[in-house]
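Dropping a structure here in structure tokens format, bear with me for questions.
Order of writing sets the chain letters: A, B and C. Residues in each chain are counted from 1.
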Amino acid sequence: MESIWWHIFDILGTAAFAYSGALVAVSRRMDIFGVFMLSAATAVGGGIVRDMLLGNVPPVAFRTSLYGGIIIAAMAGAMVTVWNIRAKRRFSRMMAALFWLYTICDAVGLGAFSVTGTLLGCHYYPQYGLFAVMLGVWTAIGGGIIRDVFAAKIPFVFRKEVYATASVLGCVVLTGCFYTSFLSLPPASVLACTVTIAVRLLAVKRHWNLPLIHRKRHRPYFFR
Amino acid sequence: MESIWWHIFDILGTAAFAYSGALVAVSRRMDIFGVFMLSAATAVGGGIVRDMLLGNVPPVAFRTSLYGGIIIAAMAGAMVTVWNIRAKRRFSRMMAALFWLYTICDAVGLGAFSVTGTLLGCHYYPQYGLFAVMLGVWTAIGGGIIRDVFAAKIPFVFRKEVYATASVLGCVVLTGCFYTSFLSLPPASVLACTVTIAVRLLAVKRHWNLPLIHRKRHRPYFFR
Amino acid sequence: MESIWWHIFDILGTAAFAYSGALVAVSRRMDIFGVFMLSAATAVGGGIVRDMLLGNVPPVAFRTSLYGGIIIAAMAGAMVTVWNIRAKRRFSRMMAALFWLYTICDAVGLGAFSVTGTLLGCHYYPQYGLFAVMLGVWTAIGGGIIRDVFAAKIPFVFRKEVYATASVLGCVVLTGCFYTSFLSLPPASVLACTVTIAVRLLAVKRHWNLPLIHRKRHRPYFFR
């Protein structure tokens, strides 16, 4: 999997998620180390668990300082962004722009990591198709889950709009192409990444939601 | 460990925990994906970490779609249960029935997973008896811990009645039988599972609690 | 790495962290099992994840009952400490003494685990210098992160004073000595441990803090 394609998707996803993690950390008033940790957890946390699930130790993220560099650059970008917002008068307009910047970065990270995880799953254990899909989804959403657990919140992927579903669609497309040989891997990767990003952005734009099981608040007394 | 006995306990525990996890998620107003994730975390989360501790990758839960099927069936069951409760007039009576249904399922999962974890520990690293016990306990309570971390709560196993203790007893019984060859593994497994379930249900019925270290609220000022 | 030096640092760190974890758990009104679990999570949680990152299974902490013994002794110590505090009249003076006891134990654990993690990283994968540093830092702070996640709090290492930074300094010193052969490993370990403890205690004494990115509360509306 040491192809140039894999690395492009990996770097793209790392940068996008590091930026989104740093934005959350800055908004939570963490110190510089906290911002770095949350940013790193979002960007490489999913990949570290992915490598532990694959038995591929030490995790790729620890083998080179490339990821550290990407994360520090993304942190700097996020700080500049937040400082700019605070300096500007037209707050609501800036916030709308920032919202879309954040959402697009996040969707790009989701698509790119769905592809890298699925490719690794297919490469290491081609006999388990389900594993490739699950690994792709975990790589894409795991970083965000770890970030939210560290921020002591319910992981938003469990309650928000079509997020993991977009990743599942991309992973299924890529795994399907791998097993049926319908497309070779580079175009299939681009296709899967595009599907995930498109579904995710459309879901935000059009307010798609998965059905809740029930809407009214109703908490049986035996769960505290 | 690929015996039929191991699989029976494994499927039993998975179904029971998936059902309990789905009940919690539905009561937390998660969407369908969130219910699936919480249900899956409870049912196979402990087992995935167990396999990572054993170096047994990819984790068993990702090798077959059997677990996915069990979880989806349990989710459907939990949704039907909650819908039924809301439709019924006699709320308090239904809740009492549901409480016992939940408690019994949970105890069955606890007993079954204590057995599967201990058996795997004894099988992979027979030289470390303590490891087998710890692995059994983790497999049994790990799913619930992960579920509570994802729900942003203090894991209830740290504060509730005799829960992990029941699992420890079962695991010690099974590990003891394994090392002393007092019983062969199938009857010892049934015995250990029964011990865990009985201790757990008795603890709920009779309100057994482990002693708190101190009852009054008392938080030294240096812990925030 | 099976040298006597490694074990001395390991036992020192385990005892110090088990004590600190038990203090937190007692202050959170957990039952005896909860205190044991939180104490164990703090003392060996970082090391278990470290061993999973190294592919060194089963984790060292499960191979011997030594760690269990240390944790139980530390629990007993923490309970006695808390009971003593509640019995004494001169509360504020006792609390100040306890605060320094806690801070010193915690700093000792931080220094000792920075050393053990870095040594293992250098030993297993000498080709990845960054990995050794990251492994040392994770071993030192991972237990505290896991403890705080289980206590449903934001890990304090993300918001507090110079804590992880002290560990990073120690790990860099030790990794530097390893690669440059400037000192042999035993004196380098003592040096790195001393650096970490000294920086950490000075930071508490002099109220050093890393800069916050911004001080005023400012939470963009799109993060909930």
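Heads up, the rule we're going with is that a residue touches a chain if its C-beta (ideal position, glycine included) is under 8 Å from a C-beta of that chain, and two chains touch if they have at least 3 such contacts.
Quick caveat, the model's predicted, so the values are computed rather than measured.
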Which of line, ring, star, complete or other matches the graph of chains that touch?
complete
Hey, what angle do you get rotating subunit B onto subunit C on C-alpha, to the nearest 5 degrees?
120
Specify, for the interface formed by the sequence copies subunit A and subunit B, whether it is same or different in terms of residue numbers shared by both sides, with half as the dividing line.
different
Per the centroid of Cα atoms for each chain, what is the distance between subunit A and subunit B, given in Å?
29
For subunit B, residue numbers touching 2 or more other chains are 52, 55, 149, 152
Residue numbers on subunit C that touch subunit A, as the complex places them:
52-55, 124-125, 128, 130-131, 134-135, 145, 149, 152-155, 157-160, 164-165, 209-215, 217-224
Mind listing the subunit C positions that touch subunit B in their complex?
23-35, 37-38, 48, 52, 55, 57-59, 62-65, 68, 79, 82-83, 85-86, 95, 98-99, 102, 149-152, 156
